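Naming follows writing order (A, B, C, D, E and F), and every chain is counted from residue 1.
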Amino acid sequence: MPEECILLAHGDGGALTHRLVQEIFLRHFDHPALRDLTDAALLHLPEGRLAMTTDTFVVKPLFFPGGDIGKLAVAGTVNDLAVSGARPLYLTAAFILEEGFPLADLEQVVASLARTAREAGVAVVAGDTKVVERGCGDGVYINTTGAGVVPAGRDLGYHRIMPGDAVIVNGTIGDHGLAILSKRAGIEFDTPVESDCAPMNGLTDMLLERFAEAVRFMRDPTRGGVATTLNEVAQSTGLNIILEEQALPVREEVQGAAELLGLDPLYLANEGKVLIVAAPEAVEEILTTLRRHPLGLNAAAIGRVEAGTGVGRGPGQGAGQRTGQGSGQGAGRGRVFLRTPLGGHRIVDMLAGDPLPRIC
Amino acid sequence: MPEECILLAHGDGGALTHRLVQEIFLRHFDHPALRDLTDAALLHLPEGRLAMTTDTFVVKPLFFPGGDIGKLAVAGTVNDLAVSGARPLYLTAAFILEEGFPLADLEQVVASLARTAREAGVAVVAGDTKVVERGCGDGVYINTTGAGVVPAGRDLGYHRIMPGDAVIVNGTIGDHGLAILSKRAGIEFDTPVESDCAPMNGLTDMLLERFAEAVRFMRDPTRGGVATTLNEVAQSTGLNIILEEQALPVREEVQGAAELLGLDPLYLANEGKVLIVAAPEAVEEILTTLRRHPLGLNAAAIGRVEAGTGVGRGPGQGAGQRTGQGSGQGAGRGRVFLRTPLGGHRIVDMLAGDPLPRIC
Amino acid sequence: MCLAAPSRITAIQEGGFLAEVESFGNKRTVGLTLVPEAKVGDYVLVHAGFAVQILDEEAALDSLKAWEEILAAAKGGA
Amino acid sequence: MCLAAPSRITAIQEGGFLAEVESFGNKRTVGLTLVPEAKVGDYVLVHAGFAVQILDEEAALDSLKAWEEILAAAKGGA
Amino acid sequence: MHKEILKRFRDPELGRQMAEQVRERLDRLTDRLGRRVNVMEFCGTHTAAISRTGIRELLKPHVHLMSGPGCPVCVSDYVDIDRVIALAGMSGAIIATFGDMMKVPGSRTTLLEEKARGADVRVVFSSLDALAIARENADRAVIFVGVGFETTAPTAAVTVEQAVQEGRDNFFLYSLHKITPPAMMALLPDRDLQVDGILLPGHVSLITGRGYWDFLSRDLALPGVVAGFELLELLSAVDALASSLLEERCAVINAYGRAVREEGNLSALDALARCFDLQEGHWRGLGIVPASALKLKPELAPWDAEVRFPLENRPAAPPKGCLCGEILKGKKTPFDCPLFASRCEPARPVGPCMVSHEGTCATYYRYERFIR
Amino acid sequence: MHKEILKRFRDPELGRQMAEQVRERLDRLTDRLGRRVNVMEFCGTHTAAISRTGIRELLKPHVHLMSGPGCPVCVSDYVDIDRVIALAGMSGAIIATFGDMMKVPGSRTTLLEEKARGADVRVVFSSLDALAIARENADRAVIFVGVGFETTAPTAAVTVEQAVQEGRDNFFLYSLHKITPPAMMALLPDRDLQVDGILLPGHVSLITGRGYWDFLSRDLALPGVVAGFELLELLSAVDALASSLLEERCAVINAYGRAVREEGNLSALDALARCFDLQEGHWRGLGIVPASALKLKPELAPWDAEVRFPLENRPAAPPKGCLCGEILKGKKTPFDCPLFASRCEPARPVGPCMVSHEGTCATYYRYERFIR
């Protein structure tokens, strides 16, 4: 048994690096551009605008109910392309391995990443492996960068959001965040909740093919949850968003666990959810369409867009004004509110600080 | 003074993340695709094949003679595109920050990255920031992924390498590896050697514009050095490469320090060097051209390609044969040799294990 | 002042110091020292990792009934 | 058996335990305890972080001269 | 089963009806008093629940629901936070504490920042987790910073007893535990406040029992209601208080019967009596309050971080402009603070009331900032 | 200045001429003996230099340049490596050693793998660096694993003396240091080897002096030449040996005059005498060789890792098929080993000879694998 775990030499670019690449990476990723291990992949790109996005995955634990870091690394990046209206085509995958990381775990992560990429219909076309000393990493970190193409005729963005538009989500919120939290050191508890982690490009592409006009904007509410993502929308557009507390799809297990830990599902991360801002007249049809897709069974309209309290509407001004101001103060900018069942309102803010479990 | 260093909350996607992005990243990176902070950048791509490459930079120390991790993160990825024949256009930049990392250092790294990108003529179009707990990172790691375009008519690759071709390098070898090593904990010594870290797309583009036919193949000898890179060429083509020991451009300071530490400059990393395999008849003209460029002043022809010892020539077979075999054994595959001044030969192998300093 | 969430005791560990509790399918282990009289099946309030009180279901139902009656009366009376 | 690289002493630290040495522009600090007689300007062989011997330049030049003479003689004789 | 009950406790339709009735009673009171009635919710969890459910907004025209000093994190004084931070700097020490304590500003820094700079500070959910850390790090000092009122203090007490029983000599409690009545006595007689009635902390009461609060009616002639935390529980508690005031009954009523007994939790009260002595305590806002702090008894000194790692007593000035003190007393609201939502926000709190999720400033920031 | 001299010592033109002369002399010897002459380079640094410069290939038809056991890493036995690995597993311990030691296989694992699994193992360039680590980690045991022959042992000796002087009680030496003559005496009389002459280790000699080797001519009737490491020094040393053999002079000649004195380095020899006693040593390949290991004197026991952290003596079997033992004796070449360059390679060495950069198997792998 020569080595069962990652050694520093696996990252020095020499013989062990080559073996690792051959015996683990190339065995799972099969694309002509990868096979020669040249410096860059040379690829064909169909007509349309190029879409690019990058994300690094540092999730803890690496394996969690409903997924693992490999699956997440594909879903996260594919989803960022998908919600931008793009068809994801290519992924690069870069690994930071910590000395001592078990090779068996690496192989499991790589296999999962490859499987998810196949399911999403994207090809891993370039990669990189670095090994850092023990105590300078945490098992494995993965960066995936995605490239895709936005077909002609698609135009999503803040600039298309209007007062009166509806806010839709394709299913229950907070599942991923809670599933991860339940495995975090010092908080462990058993939960039936699984991460919703999944590539959504199939769902978004279907939606955009049918509702190119009615869908104004999409975004995946990942870190910071639905609350933070909608605050970004409100701040960037200068429009208010009013959520209906009773309309929010939250699994009762998530609600229960969140109360146990003193958390709010609105701030828990999602990895298979998309927030859709759509024309009000299309809402019912969009919901019907979503609910026919496996990733949209619990789709719901959760709120609406209203005129903001003052200046700063439109993406240009919104963005300009935002720079260097920090969050949350100043008058006349878009806000997110939640209407309670009783009819009262409360603010829904951005996440501020890690959602630590607390006693009070 | 609220926070002078990175806190975990800078990475939670909430208010502090937004402030960090606004106050550090967006202040240095200015591209329309970035400004809206949407999920993906939407970009125009000129005619040609899309080239993609990814690399993570985990260099220690972060600041070293001749550069820093920010400069390196641009140079490394730009160079991988450049040696593939592409014109680099877009970069994504993803940061893994360790809790406690000084914000001032981060700003310095980001500024350097932005400056180098401007110099190389590439735009940073998407980014990501993650914060990991203290002891799970090392200050900052950066992944850059690059996209570029290979103009029509350019065709570089193993398949074009032929016996008789010359191997050229654009300058002295080992500078980067030594500069880094001199700052490594436990080995510190003062050296006048600086890293050669620089984006080479200007140089390669100039070369390919003039010698599209004569230049068969290019590669940047980074991790593992010239020895490892040429071994990859030999193994992939089934051809031998014969280096002339006396022709290798090595700074005497590098040679001296390497002897002090028991190292071989052939295995030291370079970050501003390109190995060029070219038709023999064009060598002189190529050298003249290179030497007129600031990054090619010490260009030299260092060896030649010869028929290998048996089967396995040509890229297809070479690559297929390689899979799953590990390095260095088996008969009839391409090898790298070095001819000593005395006329004897010795093998030049891949790097095997970190080039640790040793006493014997 | 103090968050506390209702959970059902599903098991009591040997010695009676710890119990498994369940709430909407979520399971945790909590300290039982402060409610030594608790039994499997009891609903308890959990605070800072300890069961701190046994919930009185009858009292809860009484409250509900009282409210409903009062509100019905008020409506009737209105 | 033992790598040793020639370096020039550029400074001797107080106490004489450590010296700065220089080799092709590269500078290090090495232990000097094993060659207490060394002076600034001497060339020493450095092994495992210590100067272990002072190099004798005259002897080196003698060797060179001897070889050159012998080889010249051999050539002349051939 | 309990699931069903909870659902009905949160039923919006019942809530609306109940709110109607409360409003009606409160308006009658207003007519009688010639002003809105002042009700203080002492407990921060009540503060958060009243804001989150929208009750505060809904009842604003009818009652002034004042927020009291009932967040144990918020009332921890600079002096104590600075000491904890000093302990975090001891080589080899591990500090374990609840999440909210991480961001509380001492006079110069927070535990969160010290952690970023290298201190070993761990967030735990329970004192039991801290004890487990001590077991796993037998060669390091593990200091559990216990904070909380009567609800939480018993959990720390039995954990120390467990450590004693195990002979675990590297586990220490730094007790910032406090009891609530002395603070009420220091606060409520204040003429400026004009408190007419008080919503009593439901989870403190489940330890102490309802009877614990009889001093309110007896000594201060104030009516009180022990309240739960669900929509209907909150409304019915306000309703009960309004009824008492209307009927000029001055008693302490238990409106959280499913959790609170007359005599409280005797096991927990025993644990408190076994482990703690009452000493004077530093309360942010209230200053030094006699016999309000729970400190380990002398016989538990080997497990008492304050005894084992004595520190100099360096007074520290509260941050300039912060009105926490006044807000904790209920005399000012966060909207009166010039720093509120400008220099002071949850991501970078100036005062402790902006730190804890149930701190008054943080609650108003989160739920009420633009709703006035 | 020295720069210039070094350049001329490496001059290829002079080298070619010198090689011509050596070949001529060697061929005359071959004629006289009826076989190629057998010359052993004892020293691994010579092995590497002879391969790297191409001298071995160039002279192959004229002389058999045999590689001896002159790599201190390679001759370290499994028993010792296993013990060092066991020390690395002690909680809190820091192991500091030279880079090459990291990959030497014990019977089950290497220091490199143990480091990957969490052991704190640090590569140092000098024993002084290890002492500095001890200063910075005053509460942890820092064990410097010293390995090397007469050249290196004095550096460890004066470092221990420095630790004693500083009163540094957390620095320990695990001495794997050995001296070379006993190994030569155990090896060279072997009839099978038919060694005709020996290239003596230049850097051992600069400590010991030329006179140290007179036992070779006196007791074994073998001629020897102390050789340097540059191209011309190596060739001239072989030339001198050929001359001696031709002229049937049996003496030990110093051909490394710029570094080696007759009497050696007296300060270093004094340090060895002050700190070390000779004991029997485990040599991989040679087995137990009496009076060959340098172990700290009893009065330095508080700094002796073997005394302070005694370990059970568990014998371990060498890996199946590895010919290291025979190769270290010069009786086999790496090409005779079935594992060479198949299962055994520098990235995953089976035997220690494949580990050290100057190990015979590693040298042949790196420089000579396809040149036969």
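Assorted remarks:
Quick note on the criterion: a residue touches a chain if its C-beta (ideal position, glycine included) is under 8 Å from a C-beta of that chain, and two chains touch if they have at least 3 such contacts.
For clarity, every value in this text was computed on a predicted model and none was experimentally measured.
Path length between subunit A and subunit F in the chain contact graph, taken as the least number of steps between touching chains: 1. Contacts with subunit C and subunit D are shared by no chain at all. Of all the chains, the one whose CA centre sits at the greatest distance from that of subunit C is D. Across the assembly, the chain pair joined by the most C-beta contact pairs is A-B. Each chain gets one centre point, the mean of its Cα atoms, and the points for subunit B and subunit C are 63 Å apart. Centroids built from CA atoms put subunit F at 21 Å from subunit D. Centroids built from CA atoms put subunit E at 57 Å from subunit B. Counting only residues that touch two or more partner chains, subunit F has 3, 44-45, 71-72, 98, 125, 129, 148, 152, 345-347, 358.
In subunit C, 1-3, 24, 47-48 are the positions where the chain touches two or more neighbouring chains simultaneously.
The set of subunit A residues that touch two or more partner chains comprises 8-9, 14-16, 19, 252, 262, 327-328, 352-353, 358-360. Across the interface of their complex, subunit A is touched by residues 112-113, 115-118, 345-348 of subunit F. For subunit F in complex with subunit D, the residues that touch the partner chain are 1-3, 5-6, 8-9, 14, 17-18, 20-21, 42-46, 70-72, 98, 125-129, 148-149, 151-152, 154-155, 158-159, 162, 180, 201, 203-204, 206-207, 232-233, 236, 255, 257-261, 265, 267-268, 271, 358. Residue ranges of subunit B in contact with subunit E, taken from their complex: 2-3, 5-9, 14-16, 19, 99-100, 134.
Here subunit C touches subunit A in the complex through residues 1-3, 5, 7, 23-28, 46-48, going by the rule given at the top. Within the complex formed with subunit B, the subunit F residues making contact are 3, 10, 12, 15-16, 19, 44-45, 51-58, 71-73, 98-100, 102-103, 122-125, 129, 148, 152, 231, 341-342, 345-347, 356-358, 365-371.
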